[in-house]
Amino acid sequence: MTDTARTITKVLVANRGEIALRVMRTCQEMGFKTVAVYSDADRNALHVRAAYEAVRLGPAPVGESYLRGDLVIEAAKRTGADAIHPGFGFLSENAEFVRQVEAAGITFIGPSADSIEAMGDKIAARRRMIAADVPVVPGTADPVTDDDNLRSEAERIGYPVMIKASAGGGGKGIRIVRNAGELLAAAARARSEAAAAFGNDAVYLEKFLSEPRHIEVQIFGDTHGNVVHLGERECSIQRRHQKVIEERPSPLVDDAMRAAMGAAAVKAAQAIGYVNAGTLEFMVDANRDFYMLEMNTRLQVEHPITEMTTGIDLVRWQLLVAQGRPLPLSQDQIRFEGHSIEARLYAEDADHGFLPATGTVGRLELPGGPGVRCDTGLFEGMEVTPYYDPMLAKIIVHAPTRDEAIDRMRRALSEVTITGVTTNLPLLRRTLVHPAFRSGRYDTGTIAAHPELTGTPLSENRRRNVALIAALMAHVLRRRRGFADRPSAASASSAWVDAFRPGDAR
Amino acid sequence: MKYHVLVDGEHYEVEVLRESGGFRISLGDESHYADVGTLRDGYAYSLVIDDRSVDIGVEERGDTVSLLIAGGRYPAEVLGEREWIARSIQGTAAEGDMTVRANMTGIVREVLVQPGDVVEIGTTLFILEAMKMENEVKAEAAGTVASISVTAGATVSVGDVVVEIE
Amino acid sequence: MTDTARTITKVLVANRGEIALRVMRTCQEMGFKTVAVYSDADRNALHVRAAYEAVRLGPAPVGESYLRGDLVIEAAKRTGADAIHPGFGFLSENAEFVRQVEAAGITFIGPSADSIEAMGDKIAARRRMIAADVPVVPGTADPVTDDDNLRSEAERIGYPVMIKASAGGGGKGIRIVRNAGELLAAAARARSEAAAAFGNDAVYLEKFLSEPRHIEVQIFGDTHGNVVHLGERECSIQRRHQKVIEERPSPLVDDAMRAAMGAAAVKAAQAIGYVNAGTLEFMVDANRDFYMLEMNTRLQVEHPITEMTTGIDLVRWQLLVAQGRPLPLSQDQIRFEGHSIEARLYAEDADHGFLPATGTVGRLELPGGPGVRCDTGLFEGMEVTPYYDPMLAKIIVHAPTRDEAIDRMRRALSEVTITGVTTNLPLLRRTLVHPAFRSGRYDTGTIAAHPELTGTPLSENRRRNVALIAALMAHVLRRRRGFADRPSAASASSAWVDAFRPGDAR
Amino acid sequence: MKYHVLVDGEHYEVEVLRESGGFRISLGDESHYADVGTLRDGYAYSLVIDDRSVDIGVEERGDTVSLLIAGGRYPAEVLGEREWIARSIQGTAAEGDMTVRANMTGIVREVLVQPGDVVEIGTTLFILEAMKMENEVKAEAAGTVASISVTAGATVSVGDVVVEIE
């Protein structure tokens, strides 16, 4: 046994929502007990109910609960968990936390603290990648702190430029600047957002590629020196730098390009001795040239589309690698079957400026049937609060061809009903049938470029249908409360009337 | 019973009448028979309108009934005859854009103006944060800030008044 | 265009429950409108809500609703449906119905009336299969009507023998007779059950194979003369001749045996010019010799495990073939990936003689996550009535290996909660961990041979846990009704008490 | 509050007491703190007992509370002190096997005996059908058929009396 061989018997999942549940499912299949941690807002959450044990961390705000690494480690010790899975977000890319976990004799299911640091500071990572001969986007080699530098570097790179948080990820702390006049105000706002989100206000500049595609490559390394890639994921359908729809394979990527991107991704991972699951994000320009953007040193939100097309359970691989086991498959044993698409359901009003939406889930219907997977933490009665990420569910489909996968996703989305919380479901439905998506010729600017995706007027016929049904439903709803003024409403018994009180939101 | 329904600003008069266990719904020349199955009282209904099956989620907020059908969301304002007449006489309250409300539930991250400040259309008044996203709320009318109802760090709900402009 | 090329635009699904929903999902993906038919008991059923249009057939009993072919055809005409999918059960193997459908100019999505007749009369089918050189189980070549014949034929075949309904299927109308003394009474009961279930009281005798395995082969034929097989399904885990758990591949079948069974199945289908989806059921004895039992001329309940391991949507193929299109894949293009298991959730008390259970579904939680599919018509508030089949849901998993698939199914079953209706979930859970199943060495007698599968006493520790939690829940439930005698219960408001009335089953 | 709980025929005395927002549950030397989250009032609860998480579906039928946990079903009879004493004094009613009840909800397909018939243990009395499955209900005691409460074709519910034997 080498020192990388570790026994896992109980896994604490330091996360919430769908990803915590998803990790626990694989743990349970592998025979590991699970420990959930939760904030007061999540006492009744699915991840708490799915776990073998559950430990309260603190109040709802993330700074008092899910970001409290000390409390997480304390919970692991108290329950005897010998491994911690961080999910994504929260503590997943916090090298200091990883060091504390390892110091406590607990296995961190993910890369080493050194790897996280190497890639976590986006500026240092750029330098290493350039050294390893991995193509990167033109930009500053260092954080830019003073305003004069900011101006001169932006001029050098050429507008438009992007201001990015050095410690960033997930699209947060990014500002696009189209001319010198916007530069300083945008930088100030980006710094304050970065400080709030990551505790680090360093920012740097990068060339803004016009209409790029965002394509990433899943890689996996083990402690025996093996690194493989599991193909690409096309993530260009975005709103305000947040991914909305992903698919695999990318309509743009052919076998030669896949091999080239895969080789670059493996080279990048090998350059830092990377172990466990990681993702290399690339920008692809109109010439199909690709530039590495950053490495996400964790499981990605969109990992299921890789699972659906390879048959591999990525969380199982994470747990195997964390125990010092070699990767189950070599590069030439990894095969791709069919086409997979993921649609992210966000609690936001896409038709009104993507405003975050909160509320209590009233009715909930989720999709099912052949080739459909839905990863979610939603349940009826759940409160959607302003404290956490707006992603409510991931709807994932798999089918033999891209056309069939799109048709399957349309069908799956038509099965979703959520009341009480506004979601981006209309945007998802419109995008799937839009010629830009259907043709496969889209980029990160597609949603912004097509206002019809975020609000289409109804046809006269549809308006009439809505009017008819809305009147009917209003009649039914109001009559059951005894508010109707027709005599026939008197049949509502008084008990029935009493049973409904204002504020009866559930 | 007659209802006045506003969909995307268009006005429709719909009649809803009981008929053999269901309802007859009519709009101008159009008339349908609707059978209503209750799946979850107040939230979920199965309609069969003529032969057409419509599975429906309902949200009610004041006069507004939102229909959730096959992944789509369709809000409509539904008023009785009396409310419709009342509204016609009264007109829409001319509160205008002088009262600036929270456009989402969240935490007030920063208030950028003070009472007495002169603001223009587009001046950022305050920053709201929810779900880790910051939203800048801007003035939609020029004027002088009369009052501010919250301080940074406060939690506000959609529709709460934050700034009044004179 | 040949006369087999037909255009489909709207499909009426002449069924209910999970299979009606499953068929509609594929119809929707292919762009066909759907029509549901329903009995009064199913007005709010999922299949009605999923359909584009819905037509009432009649009262709850099947003889007044789902078996009324005339009403089904009338509904198709009224809604302009140009095709009818029968699902399984009900009218799916009724040749007369198929003729009426075709006479009305409507496409029947399934085999021809002649094929159904050829295979529907089990005795005639045996004769044809013998002629086509397909191995069949020793038995009578004709229906046996008089008691003397019955006795002499049973003696000739040798006890134990099975009495089977000539028009039977789905395990109904089957009686096992171990000695001459039981013969006549059993035959009388089998005839009466057959008459009630199929409107035909003809029965025949077959050798009862001791501890056989029940393995079937999915075949598919098109109107261009192509017939392929899609591999086997192992269906030996049965209770009283009803399948409970199926898996693919069979732990017994190796590549040579698969090829031999596949070839026999294709030969059987070709012998009658079979078109569309069909299944050849085989009995396999201890020597791994296989005998054809019968052909099911329709989609099977357990078709999803074939879909999960081939990536083929069988309903899509049915619809393509019904339009006169050729099969999308040839035999050598059909590949098998991984292992799939299906568990059938029945409304029955497996621990008390498999008594059917009825009731109203209170709380419902269904499984999800990677590699899990759940086909069901269940919803909260649904009434489970005595009128229809007790199958409530099919839980299907897929994983790279059999061990992983078993672990995944255990995990999936642990996510199921249904209150209000007793189900066979405990039997399913016990079977999955039982050495007989885990080893793959099981047969159709396994459930009956292991009484611990249908009732295991709790350990003292488990009993204590149940006592503690049951007392807690009783306290919580009774207190909320204001029945507790402790002063603290006075905090329950009177409105709260009023809101709960006896009989408030929902 | 003290409860007498019968699980698989074994008797346990459990104490349930309020404690800081949750409950303390005790059985002999064993004592746990239980936090109870209500998912759906009367049907679904999330318990955290000490650190152990238990997601639970509940069925209540008279004194019997059935727990549905992780795919398992665990019925238990839960009696208060008063009911327990009453039952101890009274004993179990000695109705015995002379009253034959429907063992499931279904349709009576056939009644095979008549009043006055002499039956033995194992004699088939009637045939019930539900979900297309026939079930033969047999006498569990020998005697003479005193009365029959149903006729063929009738629908019966679980527990309905069908035949009385003397």
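Letters A, B, C and D mark the chains in the order given here, with residues in each chain numbered from 1 onward.
Note that in this section a residue touches a chain if its C-beta (ideal position, glycine included) is under 8 Å from a C-beta of that chain, and two chains touch if they have at least 3 such contacts.
The structure displayed is predicted, hence computed values, not measured ones.
*Asks:* Between C-D and A-D, name the chain pair that shares the greater number of C-beta pairs in contact.
*Replies:* Higher C-beta contact count between the two pairs: C-D.
*Asks:* Between chain A and chain C, what distance separates the C-alpha centroids? Give it in angstrom.
*Replies:* Roughly 39 Å separates the two chain centres.
*Asks:* Taking each chain's centre as the mean position of its Cα atoms, how many Å separate chain C from chain D?
*Replies:* Computed from C-alpha means, the inter-chain centre distance equals 30 Å.
*Asks:* Using mean CA coordinates as chain centres, what's the gap between chain B and chain D in Å?
*Replies:* Roughly 50 Å separates the two chain centres.
*Asks:* From the mean C-alpha coordinate of chain A to that of chain D, what's the distance rounded to whole Å?
*Replies:* Inter-chain centre distance comes to 47 Å.
*Asks:* List, in ascending order, every residue of chain D touching at least 2 other chains.
*Replies:* 39-40, 55 - these are the residues of chain D that touch more than one other chain.
*Asks:* Of all the residues in chain C, which ones touch at least 2 other chains?
*Replies:* 50, 414-415
*Asks:* Which two-chain combinations touch?
*Replies:* A-B, A-C, A-D, B-C, C-D
*Asks:* How about chain D: which of its residues touch chain C in the complex?
*Replies:* These residues of chain D touch chain C: 1, 3, 5, 7-8, 10, 12, 14, 16, 18, 23, 25, 27, 30, 32, 34, 36, 39-45, 47, 49, 54-60, 65-74, 76, 78, 80, 103-107, 109, 129-135, 155, 158.
*Asks:* Mind pulling up the chain A residues that touch chain B in the complex?
*Replies:* It comes out as residues 172, 193, 196-197, 347-348, 353, 355-358, 362-363, 365, 386-390, 413-420, 422, 425-426, 428-429, 457-458, 460, 462-464, 466-477, 480, 484-486, 488, 500.
*Asks:* Where on chain D is chain A touching in the complex?
*Replies:* 35, 37-40, 46, 48, 51-53, 55
*Asks:* Spell out the part of chain C that touches chain A in their complex, as residue ranges.
*Replies:* 21-22, 25-26, 28-31, 50, 304, 307, 311-313, 337-338, 366, 368-376, 399-400, 404, 407-408, 410-411, 414-415, 495, 498-499, 501
*Asks:* Which residues of chain A touch chain D in the complex?
*Replies:* 35-36, 43-44, 48-55, 78-79, 379-381
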